[in-house]
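In what comes next, subunit A is part of two complexes: it sits with subunit B in the first one and with subunit C in the second one.
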Partner chain A sequence: EERGYRSASGAPITLRRRQHSASCRELTVRCPRLQLRSLSAVTSAVWLAAYGLFVLSENSMVLSAAIFITLVGLIVYLHFVKIDQESLLVIGSLGIQVTSSYASGKESTTFIEMGQVKDVVINEAIYMQKVIYYLCILLQDPGDPQGVSEVVPLFQSSKPRLDCLIEVYKSCQEILEQRKTTPQSS
Partner chain B sequence: NSPAPLPERAIYGFALFLGSWFGFMLYLIWAYVPETWLFSLGLTYWPQKYWAVALPTYLLVTIGIGYILLFGINMMSTAPLNSTHTVTDNYAKKQQQKKFQEEAIPALRDIPISEVNRMFFLPEK
Partner chain C sequence: MVLKVFFPSCCSWADSGIVVGRWVPEQSSAVVLAVLHFPFIPAQVRQYLSQVQRVTGVSVAVLGSWSNSREEKEERLSEFLEDLGTIFSHEPWIQISKEGDSKFWSCSTLQTHSKNPKKEEIILVYYDQRKVMLSHLHPPLDAAACPEHRAGAASKLSAIFDTVGKSKILFMTDRYDDGPIKMTHWQSDGVEASIIVELMKQASVPACMLLSCLLWLISGLCQSRVLKVWPLSFLWSKLSTCEQLGHRLQHLQAISSSTKAQNHTQLMRKANIFVSLLIDVALGILLMSWLYRKNRIGHLADTLIPVADHVAEELQDLLQWLMGAPAGLKMNRALDQVLGRFFLYHIHLWISYIHLLSPFIEMILWYVGLSACLGLTVALCILSDIIALLTFHIYCFYVYGARLYCLKICGLASLWRLFRGKKWNVLRQRVDSCSYDLDQLFIGTLLFTILLFLLPTTALYYLVFTLLRLLVVVVQGLIHLLVDLIDSLPLYSIILRLCRSYRLA
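Let's turn to the complex of A and B:
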């Protein structure tokens, strides 16, 4: 099922939960699409600046350079920066897979096996003059059973607020608890 | 170490007051009195008068940049979101567990983040 929430900056995001089996869940957060008004605002600003330069310098290469920069910048932004949706696939005995798909269709995936996962928690941290809640995977330290070797933050670009994070946290904990009650010899 | 007034502190305060007034008068005389008058008195070894304007300007610009620099240093030294310093630190790792005593207030300790999360977010009641 799908529900609407807000991100930390106020933009509307949606969370979709799918249960594939008793020990496998997929949680997808979809970020707001690229707005036409912001795209046209940036394009007009760049082209106005280029036209101002052209009037000052009388060199028409400035205009064609501005058009080229705008096109290349838009493609680079869509392919490397603008994230369309981020998903978390928790498979009970296997591991956790984190996928970010960009606006141009590119998908980048990270898989963390269950032996390395210590816990999935909601952590608070200072980020750019704000304190935000974010979901993160704590990785186990191989030498120290109580220690945390690494922190992997999730949903970095959509930054859901606490109500959305609590839903994701509860779903993940239901699956993570199963590995304590059914210990497997590996 | 109380901030109460003491005779020694009064003497230090007055000495500083006189010293700062003297320094300020000296600075004004050096900045405003023309060089020829100072030379005629026999005082020839002064720094250039350029510095009478340059040093205060340097000081004010440094103070202004210092505001921005402090802001930037603060931002640089906050731990990034993926560091373990947001979850634990050296003191928490090395803490010793005290034994639980009946009917006594439990000892102060750093509670692991997993436990805190379970307490905050899991119970539905």
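Let's turn to the complex of A and C:
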């Protein structure tokens, strides 16, 4: 099912939960889309600057260079920077898969085995002048059973607020609890 | 625990049969390697599997059954498949079936000996057998971690990767073969091999042997006593071309050694060296073909002498400026004239030598340019050496200025100590007080004053020539940086990462 929430900066985001089976859940957060007004603001600023340079220098290469730069910059932004949705696939006893898909369709995934996952927690962080909450996966330290070797933060570009994070946290913990109740040997 | 079945995507269109693979009890997961088709004789199947197990070390067994019924479900087939479970006793017996063209599969297990029969959850993981087969999962090389921790912390999924990777021999026989075993796996579409790769593998062995013989001869020649006589060995150590050639010789020796690479890092290193040598030689030949077209060598030789003349004239102007009142500073007239005339004479000598060489420059350049076919790095090193030779006079000036300045500073320091009544104790390596005689003090003070007032002149000459030498060193340094970059860039790894990233797990 799908519900709407707000991100840390106030933009609207949606969370979609799908339960594939008793031990497999998929949680997808869709980020705010690229706004038409910000795109047109940036484009007109660049083109006005280029036109100003053209008036000063009388060289028409400036205009074509500005168009080229705008196009290339838009493509680079869509392919490498703008994240469309971030999803978390939790499969009990196999692992957790984190997928970020960019606006141009590119997807980058990271898979973490269940043996390495210690826990999934909500942390607070001081970011500029605000305190924000973020969800992260704690990885087990192989040498020290009580220690944490690495912290993997999730949903970094959509930055959901605490109410959305609590829903995700509850879904993850239901599956993570199962591995504690079932014994290790079959 | 939840039962996990890893099923290869290439077997999803296979006909019905039994499923062969490895059962990993610690993780409660079954890795399916191939599907064996009817008809078969159970005894022969067992014999074949034990053969495979002996060769690969992977415990391959019959895990279950696969039924792909294109028509409606047949009752007899399902009973037959359940009976198979009793012939090949495996716990648990996995039954996977697909009906007609439906997208949904059904997967169930049959546990005959379990104590508490409960409905277990099964996760079916679809994997691309070809890519898993070709990828290598490397454990992190952490020598500091103790061995028992490393064994426990090893990734559990690496067992899956290893299972597929080690079972290469299982993938040799096919359903189209005429033997008693008919299997379907990723090679069923045709055994994948490339003619070029096979030919290269066959040709590489004699080529390696030939190359290593040649290299042994060349290195024997280089180590001979004739070339180790003192003036020559000093010259070889100063020229960066010889260093680069020695470096490349080492690389060639590393590649052409007949022993196979022990582990993955050595293999990657060999491959990187090979690709970098290839690219180097290709770029060198490209440069050569560009240079020798349209008589560019001749143009280069023609412009070389005027450039050297121009540099010498600039240096002469600089020295005249220093001999006057440079930047408004007042120099000591006598010392100035002496140093200035000395350096001017030096430049005059240098120019006459260059003019003496000028008829031979074109020929020398032509033959030296031929060595660019050994690689772009060699050509760049030769360029750096030519720059060093052409600016040799700047180097000489720097050495003279530095020596003079150093002597002056040492003299000043020791006379300053005398001025204060102290002395440097060489035995104790420290400054001690000392009582000097009157005449010693007198002469010392005089000398100190002379040296002090001559200091600005010497310092200025030192500064100017050090800056010039710095300029030349910076240019040479940039060329050497480029050479090092070409030498050490791991091009093979970069290309592999871009094109076939599944091989670099």
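The definition used in the following text is that the second predicted complex is superposed on the first by the 184 of 186 C-alpha atoms of A that agree within 3 Å, B and C clash if a C-alpha of one lies under 4 Å from a C-alpha of the other, contacts with A are read in each partner's own complex, and residues count from 1 in each chain.
Everything that follows uses one rule, which is that contacts are C-beta pairs under 8 Å (C-beta built on N, C-alpha and C of every residue); 3 or more make two chains touch, one makes a residue touch a chain.
Computed from a predicted structure; not experimentally measured.
Once the two complexes are laid over each other on the shared chain, residue contacts for A:147 go to subunit B alone; subunit C is not touched. Within the superposed three-chain model, A:130 lies out of touch with both subunit B and subunit C [touch as defined at top]. If you count the residues of subunit A touched by subunit B and by subunit C, you find the higher number for B. Residue contacts after overlaying the shared chain place A:22 against subunit C, while subunit B stays out of touching range. When the two complexes are overlaid on their common chain A, residue A:180 makes contact with neither subunit B nor subunit C. When the two structures are aligned on the shared chain, A:33 is found in touch with neither subunit B nor subunit C. When the shared chain is aligned, subunit B comes close enough to touch A:170, but subunit C does not.
For the contact definition in use here, the subunit B contact set and the subunit C contact set of subunit A share no residue.
Touching subunit A in their complex are the following residues of subunit B: 75, 78-79, 81-84, 86-88, 93, 112-114, 117-118, 121-122. Chain contact summary for the complex, subunit A toward subunit B: residues 118-119, 121-128, 134, 136, 138, 146-153, 156, 166, 169-170, 173.
Those residues of subunit C that touch subunit A in the complex are listed here as 1-4, 25-26, 28, 121, 123, 125, 145-146, 149-150, 152-153, 155-157. The residues of subunit A lying in touch with subunit C in their complex are 21-24, 91-95, 113, 115-116, 142-143, 182-186.
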